[in-house]
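Below are two complexes that have chain A in common, paired first with chain B and then with chain C.
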Partner chain A sequence: MFYRRAGIRHTSYRSERRLWPLPFDRGLVAAVVVLLLVAPLVVERLYLIGYLMPWIIWSTAALGLNFLMGGAGQIHLGYGAIIAIGAYASTHLARAGVPFEIAALGGGLASAVIGSAFGATALRVKGLYLAMATLAMQSVVDFLITHVPWISGGGQATLTVPPARFLGADLRVDLAAYYVALSVCAVVTLFVLNVGRSSFGRALAAVREKDYAAAVIGVDPFRYKLLAFWVSSFIGGVAGAVLAFCYYRAISPDQFHLDLSIQLVAMVIVGGLGSVLGPFFGAALILFAPILLNQAVGALAAAFGLGISADLRAHLPLVLYGALIMGFLLAEPLGLAKIYDNVRKYFLVWPFRHAPR
Partner chain B sequence: MTGEAARLLPSSAASPGGTEVALACAGIERSFGGLRALKGVDLEVRRGEIFGLVGPNGSGKTTMVNVMTGFYPPNRGSVRLFGRDITGTAPHAIARLGVARTFQNLALFKGLSVLDNILLGRHVHMRPGALASLFYWTWAEREEFAHRRIVEEIIDFMQLQDIRDEPVETIPMGLQKRVELARALAAEPSFLILDEPMAGMNQEEKEYIARFILDARDERDVTVFLIEHHMDVVTAICDRIMVLSYGEVIAEGEPRAAMADPKVIEAYLGHRAASRHAGARP
Partner chain C sequence: MDSALLLELSINGACTGMMYALVAAGIVLIYKTSGVANLAQGALAMTGAYVAWIASTLVGLPMWIGAPLAALVMFGVGALIERLAMRRMIGQPLIMAIMLTMGLEIMLRGVMPGLLGGTVKKIDIGIPNAPIIAGDILINRTLLIGGGVSFAMIVASILFFNSRLGVVMRAVSDDQTASWSVGIRVERAIAVAWGLSAVMATTAGLLWGATQGVDWSLSLLLVKALAIAILGGLDSLPGVLIAGVAVGVIESLATGIIDPVIGGGSREVVASAIILATLLVRPHGLLGREHIERV
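Let's look at the complex of A and B:
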């Protein structure tokens, strides 16, 4: 249909290794980019700030986590702590007078250093043990942030983010904040896409699949696992800085607890491990499915005049939300991105049944 | 052959099958708990030869390879590669010195295409990095394509053209073994270790692999260390062999002569068969 092509007709390595070899895909990507660029002009402020912004920022964070989990095959249950380190480090840097551009990178660097220091100790173990070790990191960081007044501002304090500018644009203005979040997301997305087609990404995939075979071709498994922790934590830290400056504008420890880490892992897994599209789908589902289901249950109850109790009214959306996630994973264990890919491949060769590649 | 490997080789390179020693193991001992898998093994592989290591199941062949490639550092003894002591060196560092190997039970990277698997063989010659990936168009692309050209040559050499884009787990095992050999050759090794490259293959596939091994030695200046159970192949392509039994060397030398050694027959077929064999041939 839209995609159809017959055979593979690349005449150069460059055309074969393009990010989107099909014209339809390129058009689709361009359309999405244009939509996101003009969104602030056509979408109401409520939707821009309440829905689009969090989706973009959580997608960025989920991309960072997916780099580690899907790319290098290392589980991380403390990614919320990584984001917290980035948010707090950049906020403190900005309060000390450092411009936002550098403070955000500083936040990423702080996350990367602390994250890979934990990673180095955690990487002595594998699988479930690594999950436990990263969970411990989450607790340690939570505890330190809450109990060190110098970091959190004391007890249950909320730390206000100082006014900041990015390339001259005031981040307290929603429009500027939106475009900053969008550009960071675009850079991270391009990075992850390019890793997938370069030697760095292949080495990570080798470590993920069989670390002893990776060693035999000259890849140092420990070094690459650590690099994956470093890069992933850096992305998480920058996402934390963007979160603090463009979205929350005031941060407190309870915004970065374990439930955030679990949500991020859910985004990655529901979206599709190792896929670049996955985190976007996953973040959308995890963020919006509860809201939509809540409204749907309310609307249905009203439409049919059902006198459901307040308890049921409150919990039914959550039950449906859980069922939805299970349903998607039962249908396609590789996540929403794989479901999209299946549909795409179907149209790629329609009316025939088998897809090339 | 580039980089480290080239520097390791003296410029006055000996002719294939010459007397220069490529890899020397001396007094290798390795135990696992109470099991003594290797009990003082000495071996010398000369540059340019195809050296076979044979022996009954459990005789310590794969352990020997794991000692040579750094996975099991020996409890005692030393390993020297082109004169350099590599005892106790980590596997990835040994790979950088020009040693490549294949595994008895395939160790390809699932989820990647045949092409990407072979490209991974080029890892030791590439300079991967996160920043290079971020600025792919200016940093990484040219390097990618330069190595792609070399990989395509190997794909032609191993006759894998029509499956290069397939996910590696979807192709038949005989071809997977060939892909693994291609990945090893992509590193342009000076020393190639093949752990049962023909296990589970039919006669035609065996002949293919035997031909690839001979070509790799002749055209690519590779010294080959071969573990194999198919005795027809071993006697046909190996210059010298060594026979292991219970972690000890029981025979060494020209393949047919070594295989006819009474101790070898006893190790494979038992004491009675060996004495009957000895009786039949005065």
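Let's look at the complex of A and C:
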């Protein structure tokens, strides 16, 4: 029905290998893009700042993490530290007078260099040990940022982001900030989509499935793992710069603690490991589910006169993250993206149950 | 820097390290049998302490009944986690099983303080606060007793591997498929390992709860425990003893000597630095078996 395949004939390899071979998919993507472009002109400022912006920026970051975890199969529990490095490096560059366009790339580069330096040490080990190494990296970076006054501005200080312009547009204006975040997200999405079709992407997939087997067929696992760390950290760093300049506008170390890493890992797993669509779904669920749940609990408590303690409501997000991670791993390990894929597959051949042979 | 202060820091550090090591021993126990690192061990310690607090304060049982009761309940919780969650991860990529324990950690960290309130709970296991004074040295009595209990439990768990059930668990850790083929119930051995490590976590949670009170921060024991487990070798219980003392002493010396220079906070980073250094120099740890992989 929706995703009609009947009558679509590819007459060249080029047309068959497009990103979205089905017209309906192309239409859907175009519709979503148009919606996102129009949204800030239509919705209220509260929804733009409170919902759309964080969703887009967190999705960008989750795409970067998913590139590493789903694409190359390397577990990373310290992605919040990568984002922190990007945010702090770009802010310091901008304070030194570097324009935002270069400062953001500089933030990405700083993250990529430090992230893959940690990656290089961590890649001597894998799986389990890699998880611990990245966990350790998170706390080392946290410690350095907090305790080196030159980076954090001292103690519990908040570092204000200087006014910046992107191609002439003032980033202090919410509309401009939104479009910058959106275009960064679009570039990252297109990059991740296309990597999957390149030899780089196929090499990463080989390393993900079994690194020794990849070595046997001539793919250097260490090189590709390191490259994956580099690319993923770069994306994280740029996302950090966008986060600092377009959203927070004043950064402090506690915005980038382990909680951020956990949030991002939850987004990747709930959304779907290795899927490009997944991080968008995952970011939406992880960001908004606690808000909705909290409102629902509040409304229920008011309606039935139940006294629900402030402690319980404060801890609900944590319970929800944990429950979502566990629930998805047990019930649908490939996440929300797989659920969407199942629906799509169903409608590909609707009204039949399966494609005729 | 006089030698008395150094000695005092070292002794108290070694005791603290032993108490960390009790949490690490649980991680090692699970890793040995099932090959999964349990990232929820810190949260299990916290949960155990909360359960003991419920038994002693809410229900009003004396501690000598409440503590074993908490251990018993937590044995069930551990076995239940294996039965309901971990068993379904067999055959899945390792990353899934690790993330599952991480999810458990996050959830427990929300559930227990959420239901019981976030304020620090006091539990009293009957150790007087007054320090032991030996010459110029002050030794924290709680730490000393806690370290002794932890040491005894870890030694007991090493001896346990010589019993019949222990031999079964050694067989499982050696080769799961081979154990299956000679009729060993692998799942049950893993469930027992989860139960036992939950009991260890509960004991550690109680001891730490007695020193610093029970709240969510008990789950931060995880990082120290991971440092000890990795330094000692993830599949070696004797390694945990050595590494526990090492990590405790290093941490205590760092807090005593470096903190005045840089203005605090080095306690948090010592464990992470040890993890990174171990992975860099000797990934399989001091006494761990080097892992050889086949395609």
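Basically, the second predicted complex is superposed on the first by the 318 of 357 C-alpha atoms of A that agree within 3 Å, B and C clash if a C-alpha of one lies under 4 Å from a C-alpha of the other, contacts with A are read in each partner's own complex, and residues count from 1 in each chain.
Convention: contacts are C-beta pairs under 8 Å (C-beta built on N, C-alpha and C of every residue); 3 or more make two chains touch, one makes a residue touch a chain.
Bear in mind that the values here come from a model prediction, so they are computed numbers and not experimental data.
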Which of chain B and chain C A:L190 touches, first, second, both or neither: first
Contacts of A:N66 with chain B and chain C, given as first, second, both or neither: neither
Touched partner set for A:R17, first chain B, second chain C, both or neither: first
Chain B versus chain C as contact partner of A:H147, first or second or both or neither: second
Which of chain B and chain C A:P221 touches, first, second, both or neither: first
First, second, both or neither for A:G201, with chain B first and chain C second: first
First (chain B), second (chain C), both or neither touched by A:M132: second
Overlap of the chain B and chain C footprints on chain A, listed as residue numbers: 210, 212-213, 216
Complex contact set, residues of chain A against chain B: 8, 13-14, 17, 187, 190-191, 194-195, 197-203, 205-206, 209-210, 212-221, 227, 231, 274, 357
Chain C residues within the chain A interface of the complex: 36-37, 39, 85, 88-89, 92-96, 98-100, 102-111, 113-118, 223, 226, 230, 234, 262-263, 265, 268-269, 271-273, 275-276, 279-280, 283, 293-295
Residues of chain A touching chain C in the complex: 69, 73, 75, 77, 121-122, 124-125, 127-129, 131-133, 135-140, 143, 146-147, 210, 212-213, 216, 262, 265-266, 269, 309, 311-312, 314-326, 329-330, 333
Chain B - residues contacting chain A, complex: 69-71, 90-93, 95-96, 100-101, 103, 107-112, 116, 119-124, 126-130, 132-134, 136, 140-141, 143-145, 147-148, 165, 183, 187
